[in-house]
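Below you will find the structure I want to go over with you.
By written order: A, B and C. Residues from 1 in each chain.
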Amino acid sequence: MNWEVVIGLEIHAQMATKSKLMCNCDASFSSEPNTHVCPGCTGQPGMLPVVNKQVVDNAIMLGLATKCDIRKLNEFARKSYFYPDLPGGYQISQYDKPICENGKLEIEVNGNKRTIGITRIHMEEDAGKLVHAGSDNIKDASYSLVDLNRASVPLCEIVSEPDLRSAEEAIAYAQKIRQIVRYLGVCDGNMEEGSMRCDANVSVRPKGQIKLGTKAEVKNLNSFKAIEKAINIEVERQIDILEDGGEIIQETRHYNEATNSTKSMRSKEDAHDYRYFPDPDLVPLLIDDDWILKVKNLLPELPEEKKERYINSLSLSEYDASIITTEKETADFFEETISYGSKPKETVNWIMSEVLGTLNQNNLKLSETKLTPKLLAELLILIDKNTISGKIAKTILPEIIKTGKNAEEIIKEKGLAQVSDQGELKKIVETVIKENAKVVEDIKNGNPKARGFLIGQIMKKSNGKANPGIANELLNSLLN
Amino acid sequence: MTIDKDTVEHLAKLSRLHLSDNELLSFTKSINEILEYTKSIQQVNTEGVLPAIHALDLQNVFKEDEVINYKYIDKLFENAPDVENHSFKVPRILTN
Amino acid sequence: MNEILKLSATEISEKYKIKDLSCSEVTKAFLDRINKTNPELNSFVSVSEKSAMETAKIVDEKIAKSQKLNLLEGVPIALKDNMCTNGVATTCCSKMLVNFVPSYDATVVEKIKNNNMPILGKTNMDEFAMGTSTETSFFGSTKNPWDINTVPGGSSGGSAVAISALQAPLALGSDTGGSIRQPASFCGVVGMKPTYGVVSRYGLVAFASSLDQIGPFSKNIKDSATLLSVISGYDAKDSTSQPNIKTNYTELSEPKEIKIGLPKEFFANLDNKTKELYKNITTKLSNEGIIFEEIDMPSLQQGVQTYCIIAPAEASSNLARFDGVRYGYRNKEAKSLVEMMELSRSEGFGAEVKRKILLGTYVLSSGCYDIYYKKAQQVRTIIKNDFQKAFSKYDILLSPTTTTPTFAFGEKSNPLEMYMNDIMTIPANLAGIPALSLPCGIINNLPMGLHLMGNILEEQKLFSIAKKIEQILGFNLQNPYWEK
């Protein structure tokens, strides 16, 4: 039997606003429980919600970036259920009037481009956190502790159409969403820390069948790797059941990374009647064309546009343009660097390998170092002018990153300038020839490798500073 | 009878109420009476009429994105039934 | 009987101005009265003697320095116990919140405090404001000073009695379906509900969010308008608060031509005594030049039905926060979370509250939402529109506040019957219009109220007409309890 996999992703992106959705508490992470709370987000009697305008702007931005229709008349609805991390006994969310609908996103997997539909994007409050005491899972804990720091932190829930057909596509889609929210600056997209959470709705059907199979919702996917593994194992589970003649139960399943398996959490059908109704403490949201235009003008250049622009006006290859635009921070750094005169292709290479390589080794972010676009540009220009070799430049870079000193200063301090002076180099080449008479013999006898050895010796004698091109020329002329 | 005992029991579960047998009977009776009484609204022609969430037509009420720290968090905890590690303590959450 | 107790709020303010009375004298007089009469009447659930006298001291210092006092500054006031008062227990007269002490003030409380009005204490009410007789209070019922075997009405029974029994010159209540106006009528005092959104709901423990409003209790219309001026105004903390509104209602004009509509539906099922009383009243007012006309408003017949769906629905959601987790009553023997929530709520809430929660949960549940909640909200729109049409022809509308005078304790125990006590007052909440009850006559030695309804944000006009009517009717507020 040929099975087709059908996946839809629900992504919750925590909005990086200063304050919460419905109160003025600090929305940033705090490791001390219940320090970013107030009577509002702890559901005290008599408290009332007021909408944070920035969250609406962020949702509109997200909608525009994913080519959604922005709804004109919006409502917030109460979603009712009882749980200790939900202080009001209801979550303020959006139900049948979500702010964005009918969007799309293009992904590429193994060279194949696909358009994935986005059903809707809506705004809602996050719930608090539970810490289960005496164990790391609910089942064996003897009690739980409620921390409401996260209660009412704003979320945008992005729901895709069930258009994804493989785990690879699901990851590509999730990565694209992550890239966009980071580009927009509305969310930092950190799955490990929970600022971006992903649930997958997975089903299978015989290839060619139009009707969708029964789906299961898979939760607890804390990384792209987990998304991939969970989807694959769930697909396997479902196919096994169906091939045995069984039926898939519509339910929520919890993914366990350690055992690489999914386990039933609860039945999606009978558990909850959320009793959605428009929140009577809030008034409708009317988004007119003026508002949308204002937000549109604030949109940064999106990754696809940037990539195209780099290919067309900077003559970068598709590959180079792609990798340098993966993160907005990197692309911005790149553009500023070449504005000081360095060459685009070289700049891309240097940023992607040397700069990011050094940073990753030391667990640093670009913004946490003393390296500036100007400093990098200066270094690259020095290489281009042959003042230093690329090799030497690579050794200088960590120092620049650490101290913020410019390349010229460091070169001077350490005497690293590339030696290109004919006279000085000639002396070195002559000395090397003299000291390696046997090798010179080998060369004359036609051994090409021996020549490389001499070049090596010249570099060594000059402490790596000899200009390779000129050293080669001199060696040739002095040997003959 | 619009709703039966079982439905009321289900409603009690949904709203985290525990009803005695007497209460179940009594509430089922009184709720049915009230629902019966409300049936007359079904006769009202509401075609094309928008539901009124509010008495008044306000829209677009917002606050700015600024942080104002609440200074009396400890006072909030003074009303808490059980506290540990500056968190609200609740009994074990059973799962299926 | 201390004559101070009979003074209106406006008269007290005048006495301060001419230094005839001190604030401490006045405040002490009322505190003594409460001390003496509360054991029997049970209208106050807590009294704040110390802080009230401290506030009085501040006002007396201002008077001594001949500083100008603000409107009603120094006039003592009582507050219904569903308005959060910082540092003072706010119980909603429920076992659920018996020990709850908020660390914040409701906006109206903040305004009262900023205006140096000594807060005498918190008054008794039906549990969580759900009721029409104050019989469901966890602290026992309140007695009506006109006849202590009868109910004061509800849910703001305590505040109504405070005025009626001369325990306070002013009081605040909350009105969701008539909870200020109906007890005002039963107790022979003035009670007013403003346009929805005119007074902030921040810090008012919510019953039904789209219907709740805080309003004044007083001896007369002038006091009512003045107190409303102090507590009303835009509040950024309440998203349903009306922006850009005028909040000074003290300049009451002498209205020239007054045209009043009489909704036929409100006069349909009255008994003869009641019919006669109101006929006499409209005749008396006609003789003074007021024009009356009958008007058909058929949608008013669906008022209670609509309310019976909307109010419980919103209440079921607003009361979900009382789960024993962060504050309030908790059953500490429960072995699991769900058990803890179920037992805490079941033991903490009374029967009427539970009934409303169950009913509200039902009308919002899937399969029921469209035929109950959505339908009710549509009928609500029709009621709103009918009022708008009426106000295009009439200055105000008039009806009795209640169909009968008050009743004996335990006499009306049927839940549906209790809703019917509000049959005249409910439509005003549904439409969001301002309305008040003015004592206007006696039946069986018990007071009856005149219910006046105005158009949205037309408080000024409503008060002006009400003042003229008050003047013409000349009702004597005195009841047997004034002798005690």
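Just so we're on the same page, a residue touches a chain if its C-beta (ideal position, glycine included) is under 8 Å from a C-beta of that chain, and two chains touch if they have at least 3 such contacts.
Quick caveat: nothing in here was measured; it's all calculated off a predicted structure.
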Centroid-based (C-alpha) most distant chain relative to chain A: C
Leading chain pair when contacts are tallied as C-beta pairs: B-C
Euclidean distance of C-alpha centroids - chain A vs chain B, Å: 40
Between chain A and chain C, centroid-to-centroid distance (C-alpha), Å: 56
Gap in Å, rounded to a whole number, between the CA centres of chain C and chain B: 23
Overlap residues in chain C, where contacts from two or more other chains coincide: 100, 103-104, 210, 236, 239-240, 320, 323, 325-327, 337, 341, 361, 365
Residues within chain B bordering two or more other chains: 14, 16, 53-54, 58, 61, 63, 76, 88, 90-93
Where chain A touches two or more other chains at once, by residue number: 39, 42, 44, 50-51, 82, 84, 144, 146, 273, 275, 280, 282-283
Complex interface listing, chain A residues touching chain B: 17-19, 24-27, 32-35, 37-39, 42, 44, 50-56, 75, 82, 84, 130-133, 138-139, 141-148, 265-266, 273, 275, 278, 280, 282-286
Chain A residues touching chain C - in the complex, by the definition given at the top: 39, 42-51, 78, 80, 82, 84, 87-90, 144, 146, 273, 275-277, 280-283
Residue ranges of chain C in contact with chain A within the complex: 83-84, 90, 92, 97, 100, 102-104, 106, 201-206, 208-210, 236-240, 313-314, 317, 319-321, 323, 325-327, 337, 341, 361, 364-366, 369, 373
Residues of chain C touching chain B in the complex: 99-101, 103-104, 195-197, 210, 236, 239-240, 242-243, 299, 301-302, 304-306, 308-309, 316, 320, 323-328, 330, 332, 334-343, 345-346, 349, 351, 354-355, 357-359, 361-362, 365, 371-372, 374-382, 384, 414-416, 419, 429-433, 456
Chain A contact footprint on chain B (complex, rising order): 14, 16, 53-54, 58-70, 73, 76-77, 84-93, 95-96
